[in-house]
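My questions will all concern the structure given below.
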């Protein structure tokens, strides 16, 4: 079985994300491709449209702070108990971001519509929220199947690519995702599928061979390419493998309070290769 | 942990399906609740609206032949290589069925809309098919997000109950379904969830305890009630447990060619209790 | 042994949830999570509790969308929402305050699932510990999710009330007003009034919020602290330093 | 050793599929399944083959809807459809014939996924072994799925041609007509004409359908027979009694 899907490193993964790409990313605790994120900043990607499924944290703040993001579509940006996303706030205040505030189920429903390649999907709730006022891409119609029943239509979201980090790939490029079904949704809705980093490739495993393990896989047909990145979610955690690096996350939060501090953070933790070359 | 979800037999499961219920059933090879189906015929259920997800076979033919079905919504009725569904054909010819011919993805999309409790969902394809002519419940509109783009809207399907047979329930009533995700869709879309028969209850298993097994479960919150029915899919098979009883299936096909033969089949294989009591 | 602030809230929440079949608790919500677990601990009926962030207390397996679909299906009886601002018509703001959106002076994380669940879950408990005029405002600057408005929008759900560090208000969906029902021990009606910038009614039977009895406290400090500690270890270390 | 009827069809299908990345094969389709497996066996590129009814050859894990969603996403390059009736404009009928629907004189199983996949899969191969005037009709009695019509309906997919026991027709979507391209060894153009009740064109280069060479035959009778036998044991016992 050819392993042409397996690239050498997170740098190779990052190289497949062009400027202007619409990129689906997941929540901080699910398995975030942080090493790929650093590689994207190193190569200087620009004008990304981030679709946060359904919200984001450190990964988004880093990309925003590094000037990689033009449009942010999300239900929330939060560090939870680990601090405040100052780079996000700073970019908002300076008008440096096109902000598309949403609500979690609207992002999911629009991604599901993208997975089906239908142009739009109706969704309950939302009417009367100021979110709708600021989303001219959403349309309110009268439900054609009932009387006096206004309902919101959301256009489908089809990202260009989904970016994920997962515990392992099997010999055929199927990715173990357990019950992180969000990864499957992201990969399926994305026109080019998922770009994946994994902790390891298990050449002795065929996830699709049994009912038990097949249900826990992201099938290889949705995987554009993968690469090994050990501790590739660091400083975030990977459920079942390693915990979040709390001290590092808090330190980020302190440094990123100012533009200067954020620049120092990038120098120390994102651009070490550049430093070494100087 | 209370096991109030666990009933005594397939008869108890059948007793929870009232006349006129809208019932979701699956394809013949997925895990069909045939013992429950026989119990439904024994108790004489009437006026069912069968929603076949996305098609059906022996189970539907039996229920139709026994006069239990008023409305049939399906993409196909087929016995595959095991014969011809004569009871279905006979009922159609006699005008005894309200027939709602569909296409597989339309049933899935409408069930997914039911799972989301949205009133309708658009779907590609279909326009120009005679299916649309005979489905006045479907509506063609102009896509409000584009020009000159007609698209079909399907009303959501919310069955009253989903009827399934599965390998086992765990101690908490979570059902092992492997990658049979259709069962999850059926149970979630159904207002009252799933009525389930299982080969066994594994009191030592907690499917939700690990990422690996959780992905293969139908969570208990979607399970209205369950009962043990050993070989409960017979004469159909259950993947990984037992094969289809080909000889029996063919014999059914021969007997069910005529109304008399079908009545003899019911006497021999569905109503043995009545016989024993006579 | 008297109940702490957090224990009183946990106990109050459990009482509000006692008739539910299914409860979901969002992120960063250890007190609602503990309240839901206490309700389950005491329930005679089968109760499903899903705590986002917990592996153990999770009735779901289909990804993040499942909570929302489940709510739409009618399978979530209770949920908790907060807000940087809450007003007297139960509008909530999780986005930002001061200045023109999106360049607000203050930015909060965002609306999360509020603009959906608030419409569909029959028993939404508004929960915000900080009870100040800064939070309890006459009118929110941004409506993440509106209170019930009688505007013809499909809405089987909505708020049943608002629980804070000071008190419990019920909410009347027809009159679109909060009513002060109980005030927590050590606090008074005037204190509530001084710290609330929106108008509200006061129940003729207003009284103290019932405190947990010895049995309830033992449950909170024992099994409930242990269970909530799986998702919220830091919370348990802070609130139950001697017990967990 | 010469190719059987089935082996010729398997070989022909494999040739049609050679540039695909992803092929799906529906129920009750052993010959298309074997053709897809042969294409994969010979492919230099990575090829995904999903055979409904096979556990081993299944690129999917999200239930029956996944095939259709995958097709909509552009991730299914080829699929097979048949029909109780097929007409010269590539309309197909899987529902019934004779009399008024639904009380037709003949009832077939139903439309399956045809009314969707026919629009979305770029290379639909119409496959029907029986080549008679009963099947190849001037106009179908019921349109399960229409041929391409230039009617403004979103349709990135459609038929590339029709393969039968007698021949291979290509289909021209603009002209909405079949063109006879090759006739299987042992059959002739006149025989095709006699057994086809719709009008079609004949290619100026019409010739015999290429038969599998020794290497291809060995693959079909060896690894392909073994692989397709997992989902279709009876087919393999009948067609490859000595090999499998």
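The first chain written gets the first letter, and so on, giving A, B, C and D; residue counts start at 1 in each chain.
FYI, contacts are C-beta pairs under 8 Å (C-beta built on N, C-alpha and C of every residue); 3 or more make two chains touch, one makes a residue touch a chain.
Since the model is a prediction, treat every value here as computed from it, not as a measurement.
Asker: Which chains are in contact with both subunit A and subunit D?
Answerer: B
Asker: Decide which interface, B-C or A-C, involves more C-beta pairs in contact, and give its chain pair.
Answerer: Of A-C and B-C, more C-beta pairs in contact link A-C.
Asker: Distance from the CA centroid of subunit A to that of subunit C, rounded to the nearest Å?
Answerer: About 29 Å, centre to centre.
Asker: Where the centres are mean C-alpha positions, what is the separation of subunit C from subunit D, in Å?
Answerer: So the centre of subunit C lies 58 Å away from the centre of subunit D.
Asker: Taking each chain's centre as the mean position of its Cα atoms, how many Å separate subunit A from subunit B?
Answerer: About 37 Å, centre to centre.
Asker: As a quick test, compute the distance in whole Å between the mean CA positions of subunit B and subunit C.
Answerer: One centre to the other, that is 40 Å.
Asker: Tell me, which residues of subunit B touch at least two other chains?
Answerer: Counting only residues that touch two or more other chains, subunit B contributes 109, 112, 116-118, 123-124, 149, 151, 179, 181, 184, 211, 214-215, 239.
Asker: What residues in subunit D touch two or more of the other chains?
Answerer: Counting only residues that touch two or more other chains, subunit D contributes 55, 61-62, 72.
Asker: If every chain is a node and every touching pair an edge, decide which shape results: line, ring, star, complete or other.
Answerer: Basically it's none of the tidy shapes, so other.
Asker: Each pair of chains that touch: what are they?
Answerer: Listed in label order, the chain pairs in contact are A-B, A-C, A-D, B-C, B-D.
Asker: Subunit B touches which residues of subunit C in the complex?
Answerer: Subunit C residues touching subunit B: 22, 46, 48, 55-56, 58-62, 69-70, 72-75.
Asker: Could you list, by residue number, the parts of subunit C that touch subunit A in their complex?
Answerer: 27-28, 53, 55, 61-66, 68, 72, 94-95, 101-104, 107, 109-120, 142-146, 149, 151-154, 234
Asker: Could you please specify the touching residues of subunit B with respect to subunit D in the complex?
Answerer: 27, 29, 53-55, 74-78, 80-81, 88-89, 92-93, 95, 97, 99, 101-106, 108-109, 112, 123-131, 134, 148-151, 179-182, 184-185, 239
Asker: Mind pulling up the subunit A residues that touch subunit D in the complex?
Answerer: 2, 4-5, 115-118, 184, 188-189, 191, 208-209, 211, 214-215, 217, 219-222
Asker: Under the touch definition given earlier, write down the residues of subunit A that touch subunit B in their complex.
Answerer: Subunit A residues touching subunit B: 109, 112, 116-124, 139, 141, 143-146, 149, 151, 153, 155, 178-179, 181, 211-216, 239-240.
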